[in-house]
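Okay, so subunit A shows up in both of these, paired with subunit B first and subunit C after.
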Partner chain A sequence: MPEGIFCNKKPIETEDALTALLGDTSGSQYYKEMKSLDVDSKLLWTTIQNTCKSRIRTWLEICAHCGMCADSCFLYLVNDRDPEQVPAYKIQSTLGEIIKRKGNVDNKFMHMAMETAWAKCTCCNRCGMYCPHGIDMGIMFGYLRGLLYQQGFVPWELKIGAGMHRVYRAQMDVSEEEFVETFQWMVEEYEEEYPGLAVPVDVENADIMYTVNAREVKHYPEDLAEAAILFHAAGENWTVPSRGWEQTSLAMFAGDWAACKMQVENVYAAMERLKPKRMIGTECGHAHRATVVEGPYWAGRKDGKPPAESIHYIEWLAEALREGKLKIDPEKRIKVPVTLQDSCNYVRNHGLRETGREILSYIVEPGYYREMSPNREHNYCCGGGGGFNGIGLFRPQRNKALITKRDQILATGAKLVIAPCHNCWDAIRDLEEEFEIGIKWSFLKPLVISMLEIPGHMKPEE
Partner chain B sequence: MFKKILFATSATEASDHAARVAFNMAGTLKAHLNLFHVLGVPTRGFSQVVFDVKTRKEVSVDEEYISWVEDEVKSYYSNQLADAALDCSIKAAVGFPHREILRQAREIEPDLIILGGTTGSDEDSVYKYSTGSTLQRVAKAAPCPILVVNRAAASFWGGLSSIVFGTDFSKAADKAFEFTMKIATALNCELHLFHALDISSIHMGMSMSQDEIEQKIRNAYRMIRFKYVSKMKDRKNYSIDVWEGIPYVEIVKYSREKHADLIVMAHNSRKLDVDGSKIGSNMEQVIMRAGCPVISVNR
Partner chain C sequence: MYEFITGFMFWLALGVCLTGVIVRTILYFRGLQWNLDRVAYKAYPVEGFKGAIRSIYKWILPFGTHGWRKQPFMTVIFFSFHLGAVVVPLFLLAHNLFLEEKLGFSFFSINGGVADFLTWLVVASTVLIILRRIALPEVRIMTNWYDYLIILISVAPFVTGLMARYQVGDYSFWLLVHIISGEILLFAIPFTKLSHVFLFFASRAQLGMDYGIKRGGLKGTKMAW
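And then the complex of A and B:
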C-alpha cells in the first residue's frame, strides 16, 4: 500500500484532517500504515539535489570518522557508549547513506532513519562544538528530518504538531480569538492584586511586541498573566498581536519546511503591521531558534534578521533588572541551593551564556547558586529537546535520555532548577516524575514576581 | 439563594463526602448542579496526549472519549441522579484541574463551587505544576465562594441550622460576612460570629500579659459589634465570641461547641505555598480539621 489514510506524504491542511489524525489513538493505525508506506526515491533524490547545498555535502565528505564527537553526545554516553550512538555514525548511516544511494532506500531504511533522527538526536548541536572540522550533526539531522517528513516518515505527534501550525498558526488548537480572550481573562484574574494591569492588543509602535507559546494559552495561562505583571511593573510600553502571537514551531521539530515558513511569516507580518521597537518571546528555547535564529532564512530575508529587533525573554529580564526597572527585595531572594538549566537553543546556539547568570545574580542569595557541570555552551541537552519530549513511540528512549540531566542536577545538590525554556521545563518535570529526586523546577517569571518590590502604582488599595 | 452550583468531582470515593453535600444542597436549594470532572492532565510536552487520572494511562482525548467519561460520571452518581427533581448537567474536560475548574466557573458563573477530592493525592506527580495545591489555586482566583469537605464526618448536610462565621476583620472577611448573612437569612439559621485572637506566634520572652490579651479580646468584641452586629438589623438568634489561642484550633473547637453545620471564612492568602502542601493558612487548617463543610470566601 503506497499511501495510508493517516500516514502519507500529504501534510495536514484542515481542521477535519487534524481531528481525524488525533482520533487515531497513539497513532496505532498511523504507524501500522507506515510499515507499508512507499518511498518515493525520485522525489527524494530530486529534493536532495535541489536543497542539499555545499555545506552539508562538504561536512559529509570531510568527516574523518575520528570519533571526537562520540563523547560530546549525551545519548552516546547514556546508552553505554553504543557505537551506533556516535554522532558521525548516526548521520553517515542515515543522510550519508541516502545521498550515497541517490535516494534508493526502502521502507525499512526509512524507519531506521526516522528513529535515528528523532530518538537518537535532539538537535542540541553539542557535537558540532567538539568536531575538529566544525561539522554540526545537529544541523544535518534537522535537514534529514525535512527529507523524512516529505516522505511521510515522521512521528505521529509531530505530523499533528506541524498540522496545527498549518491550520491554526499555533502549535495547539488555539484560535486568535481564544488567545486574546485568555490573555484578558488572566489579566482580570490578577488585576485586583496588581491594579492597572492590562493586556494591550495590537498597539502600533509599542516598545515591545510580546509573543508566546500556545501551550501557555491552552494549559497554563498564568504564564501570560505573569508576563503582563512584569511588563507592567517595569513600566514597559508593550503589546501582543492578535495574529502572529505564536512564537514556537513544532514544524521545525517535524521537518515541515513549508509550515516553518508559514508560521514564522505570520509572526513577521505582525511585526511589520505593528512596527514594535523590539519583539520579545516567552521563556522558550526552540521558539527563539525558530523565530529569531533560523526563521529569517526560512522567510528568505536577506539580512538574516527578523523585521524588528528580536530578543529572548531572559535578555529583557536581565536588562530590566540591571537598569532597575524591576527591583528585587533582597530579603526574598532564593535561599535554597539552586541551579540553572542552559537551553541549547539560545545558549549554545545563540550565545546567551551569561544572561541567565546575570539574572540569577540578582535573584539568588549569594552562596546558593550551583553551576551544573558542564555548563553554559557546554551544557548537555535537557534530554527532551528537538521534539523528543512529545513523541510517545520513543518515550522509553527519551526517559533514558533524561538520566544525563538527572545526574548533572544531583551532582549540584540543587533543590531548585531554573529552566527558562518550555522543553527543558518539561523534561525536568518529567525526570522528577520518572526518578523522584526531590527537586522543584521553575520558569523565571513566577520566581521574579515572588520577590519583586511592587512599585507604588501597582499596590492594591488597602 | 444559590441558583447554580459547580461541583468539581473526581467521580470516585475521594469526592463522596463532597458529593453528599453537593447533591443535598442542590436538592434543598433547588439549584442547578453542574458536575464537572477533569479527566486528565496534559503530558508528554507539546503533544496532545493526556494522562487519564483514573485509569492512569496515557490517552488521546477526542469528543468520543470525553462523552464516554461523562457517561461514566453519570453512572457513578446514578443513584443521586435518579431523583427527577434534580436539575443537573455533566461536563468533563482536560487540563490542569485548578485552571479547568476556574475556566468552567468563568463560563457558567456559579454561585458556589464545591471541591471534591482528587483522584490521586494532590502530591501526585501528575498534578505537579509549579506552586500551590488545587485548593489554593482555586481559592485564590475563584469568582465565587468555595465549599470544601475534607473529612467524612464533615459531610452531613441535613438541613442547615447553625453557621459559624470566623473573621480576621479583613476586607475579604467583610465579603464573607455578607455571604454568611445571605445564607443565614435564607435558611433561617443560628449565626455565631467568632474571632480567634492569635497568640501562637508570640516568641519566648515576648508573650503577651493576660491584661494585654484581655484588652485585645475586648477590642475584638467591639470590632465584631461595630463591623457586623450593626448590620444585622433585628436578627435575634446570634452569638458573638472571641477566644485566644491558635486560630484554626479555636475555630474548630468553637464550631464543635456550637454544633455548627457550616463554617464560613475569608481566604486571605494570595500566596501559593511553594511546597504545594495543603497545610498553610488558617483556612486550610480549618478545612482539614473541621467536623462540617467549610466555605471560603475570596471576594
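And then the complex of A and C:
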C-alpha cells in the first residue's frame, strides 16, 4: 500500500487533518500504515542532488572511519559503548547509504533510518567538536530528518508538531486570542501583589518584544506572569505581539523546512510590524536556535540575522542584573548546592557559555555553585533534545539516555539544577521521576523573583 | 622502463594530482551555499576567516584540542604518521635531487638520519593504526576493505623506499617499485579518501567559519576546540 490515511508524504495543512491525526491515539494506526508506506526513490534522489552539496558530500567522503567521534557521543557512552552508536557509523549507515544507493532504499531501511535519526541522535552537535576533519554529524542528521520527513517517515508526534506550526503558527493549538487572553489573565492574577503590572500588547517601537513557548500558554501560564513581573521590576518598555509570539519550532525537530520558514517568518513579521529595539525569547533552547540562529536562513536573510537584534532570555537577565535594573536581596540567595544545565542549542550552538554563570554569580551564595563535568560547550545533551522528549515510540531509548545527565548531576552533589531551557527542564524533571535522585529543578524566572528586592514603584499601596 | 616511469608517468601523475587538487578545492568552495549550509559566509568574511584559521591551527597542533587530548594514543600515532608522511616525501635529499633534475628547483633537504627515523616512524605508526582498527570495536565496525586499500596506497612508498634505502635484494627493482607506488599515491590523492590531504583544510575551514560566524563567533565566543 502506498500512502496511508494518517501516514503519508503530505504535511498537515488543516485543523481537521490535525484533529484526525491527534485522534489516532499514540499513532497506532499511523505506525501501522508506515510499515507499508512506499519510498519515492526518485524524489529522494532528486532532493539529494538539489540540496546535498559539497559540505555534506565531502564530510561523507573524507570520514576516515577513525572512531574518534565515538567517545564524544553520550548515546554511545550510555548504551554500553555499542559500536552501532558511533556517530560516524550512524550517519554512514543511513545518509551515507542512501546517497551511495542513489535513493534506492526500501521501507525497512527507512524505518531503521528513522529510528537512527530520532532515537540515536539528538542533534546536540557535540561530535562535530571532536572530529579532526570537522565533520558535524548533528548537522547531517538534521539534513537526514528533512529527507525522512519528506518521505513520510517521521515520528507521529513530530508530524503533529510540524502540522501545528503550519495551522496555528505555534507548536500547540493556541490561537492568537488565547495567547493574549491567557497573558492578560495571568497578569491580573498578580496585579494586586505587583501594582502597575500589565501586559502591553502590540506596542510599536518598544525596547523589547517578548516571545514565548506555546507550552507556557497552555501548561505553565505562571511563566508568562513571571516574565511580566521581571520586565516590570526592571522598568523595561516591553511588549508582546498578538501575532508572531511563538518562538519555538517543532518543525525543526521534524525536518519540515517549509513549516520552519512559515513559523519564523511569522515572528519576523511581528518584528517588522512593531519595530522593537530588541526581541527577547523565553528560557528555551531550541526556540532560540530556531528563531535566532537558524531562522534567518530559512527566511532567506543573507546577513544571517533576524530583522531586529534578538537575544536569549539569559542575556537579558544577565544584563539586567549587571546594570542593577534588577536587584537581588543577598539574604535570599540560593544556599543549597546548585548546578547549571548548559543548553546545547544556545551554548554549543550560539556561544552563550558564560552568560548563565554570570547570572548565577548574582543569585547563588558563594560556595554553593557546582560545575557539571564536562560543561559549557562540551556539556552533554540533557538526554531529551532534538525532539527525543516528545516521541512516545522511542520512550525507552529516551529514558536510557537520561542516565548521562543523571550521573553528571549526581557527581556534582547538587540538590538544585537550574535549566534555562524547556527541553532540558523537561528531561531533568523526567529523570527525577524515573530515577528519584532527590533533586529539584527550575527555570531562572521564579528563582530570581523569589529573591528580588522589590523596587518602590512595585510595592503594593498600604 | 625507468625512463618512462620517471619521465612521462612522473609528469602525468604530478599533473593529475595538482590539477585534481586545484579543481576539487575550487569545486568545494563553490559548492558551499550560505542558504543550504545556513552560514552567512559572504556577510562576515573577516569573522569567517578568523574562525577558519583557528579551526585549522588548533587541530594541526598535537594535543591542541579537547579531541586530541581525550585520545592520547591516537594522537601520538596520528601525528607520528603524518609528520613522516608530509616531511619525508618533500624534504628527502634524493627527492630533491630528482626534483632539481626534473623541475630545476628543490626544497631544502633534511639530514639522512632524520629521514630514516621519520620513515620508520611512518611504518611503525601504520602498524599501530591497523592494530587499533582491528582492536577497537568502535573503529572495527566502520572499517572496510577500502580503508585498508587507502592505508596500503599511503604506506607503500615508504616501505619500498626503505627496501631501496637498505638495498634489500635488487636495488633497481625496489627503486622502480618505489617510484611507481609514489605515482599511484599521486594519482589517488584527488579521487579517493586521500583527498583529505587538501579537503581536510577545506572542511575544517568550513566548520571554523560556521562557528566563527553563526555559532557564537559574532558574539565574541571562540570555540574551545
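To be clear about the criterion, the second predicted complex is superposed on the first by the 462 of 462 C-alpha atoms of A that agree within 3 Å, B and C clash if a C-alpha of one lies under 4 Å from a C-alpha of the other, contacts with A are read in each partner's own complex, and residues count from 1 in each chain.
Please note the rule applied: a residue touches a chain if its C-beta (ideal position, glycine included) is under 8 Å from a C-beta of that chain, and two chains touch if they have at least 3 such contacts.
Note that this is a predicted model, so its numbers are computed, not measured.
Asker: Would you mind checking whether subunit B and subunit C clash or fit side by side on subunit A after the superposition?
Answerer: fit
Asker: Looking at A:13 after the superposition, I want to know if it touches subunit B, subunit C, both of them or none. Which is it: first, second, both, neither?
Answerer: neither
Asker: Quick check on the superposed pair: does A:189 touch subunit B, subunit C, both, or neither? Answer first, second, both or neither.
Answerer: So A:189 only meets subunit B here.
Asker: Looking at the overlay, does A:106 come into contact with subunit B only (first), subunit C only (second), both, or neither?
Answerer: neither
Asker: Mind working out whether A:65 is in touch with subunit B, subunit C, both or neither, as first, second, both or neither?
Answerer: In the superposition, A:65 touches subunit C alone.
Asker: What is the contact status of A:84 with respect to subunit B (first) and subunit C (second): first, second, both, or neither?
Answerer: Once the two structures are laid over each other on A, A:84 reaches subunit C alone.
Asker: Using the superposition on chain A described above, determine whether A:432 touches subunit B (first), subunit C (second), both, or neither.
Answerer: So A:432 only meets subunit B here.
Asker: Using the superposition on chain A described above, determine whether A:204 touches subunit B (first), subunit C (second), both, or neither.
Answerer: Neither: A:204 stays clear of subunit B and subunit C.
Asker: Where does A:302 make contact in the superposed view: on subunit B (first), on subunit C (second), on both, or on neither?
Answerer: second
Asker: How many Å separate the nearest C-alpha atoms of subunit B and subunit C in the overlaid structures?
Answerer: Closest C-alpha pair between subunit B and subunit C: 25 Å.
Asker: Does any part of subunit A touch subunit B in one structure and subunit C in the other, and if so which residues?
Answerer: In subunit A, nothing is touched by subunit B and also by subunit C.
Asker: What residues on subunit A touch subunit C, complex-wise?
Answerer: Per the touch definition, subunit A meets subunit C at residues 51, 53-55, 57-59, 61-62, 64-68, 70-72, 76, 81, 83-84, 86, 88-89, 92, 128-136, 293-294, 296-298, 300, 302-304, 348-353, 376-378.
Asker: Where on subunit B does subunit A make contact in their complex?
Answerer: Going by the criterion above, the answer is residues 42, 44-49, 58-60, 62, 64, 95-96, 99, 102, 106, 125-126, 128-131, 141, 171, 270, 274, 299.
Asker: Across the complex, what residues on subunit C touch subunit A?
Answerer: Touch residues, subunit C against subunit A: 27-40, 42-44, 55, 59, 66-68, 70-71, 74, 78, 136-144, 147, 193, 195-196, 199-200, 202-204, 206-208, 210, 213-217, 219-221, 223-225.
Asker: Which subunit A residues qualify as touching subunit B in the complex?
Answerer: Residues in contact with subunit B: 19, 22-26, 157, 160-161, 171-172, 185, 189, 192-193, 215, 218-222, 248, 250, 384, 387, 389-392, 395, 422-423, 426-427, 429-430, 432-433, 436, 440, 442-443, 446, 462.
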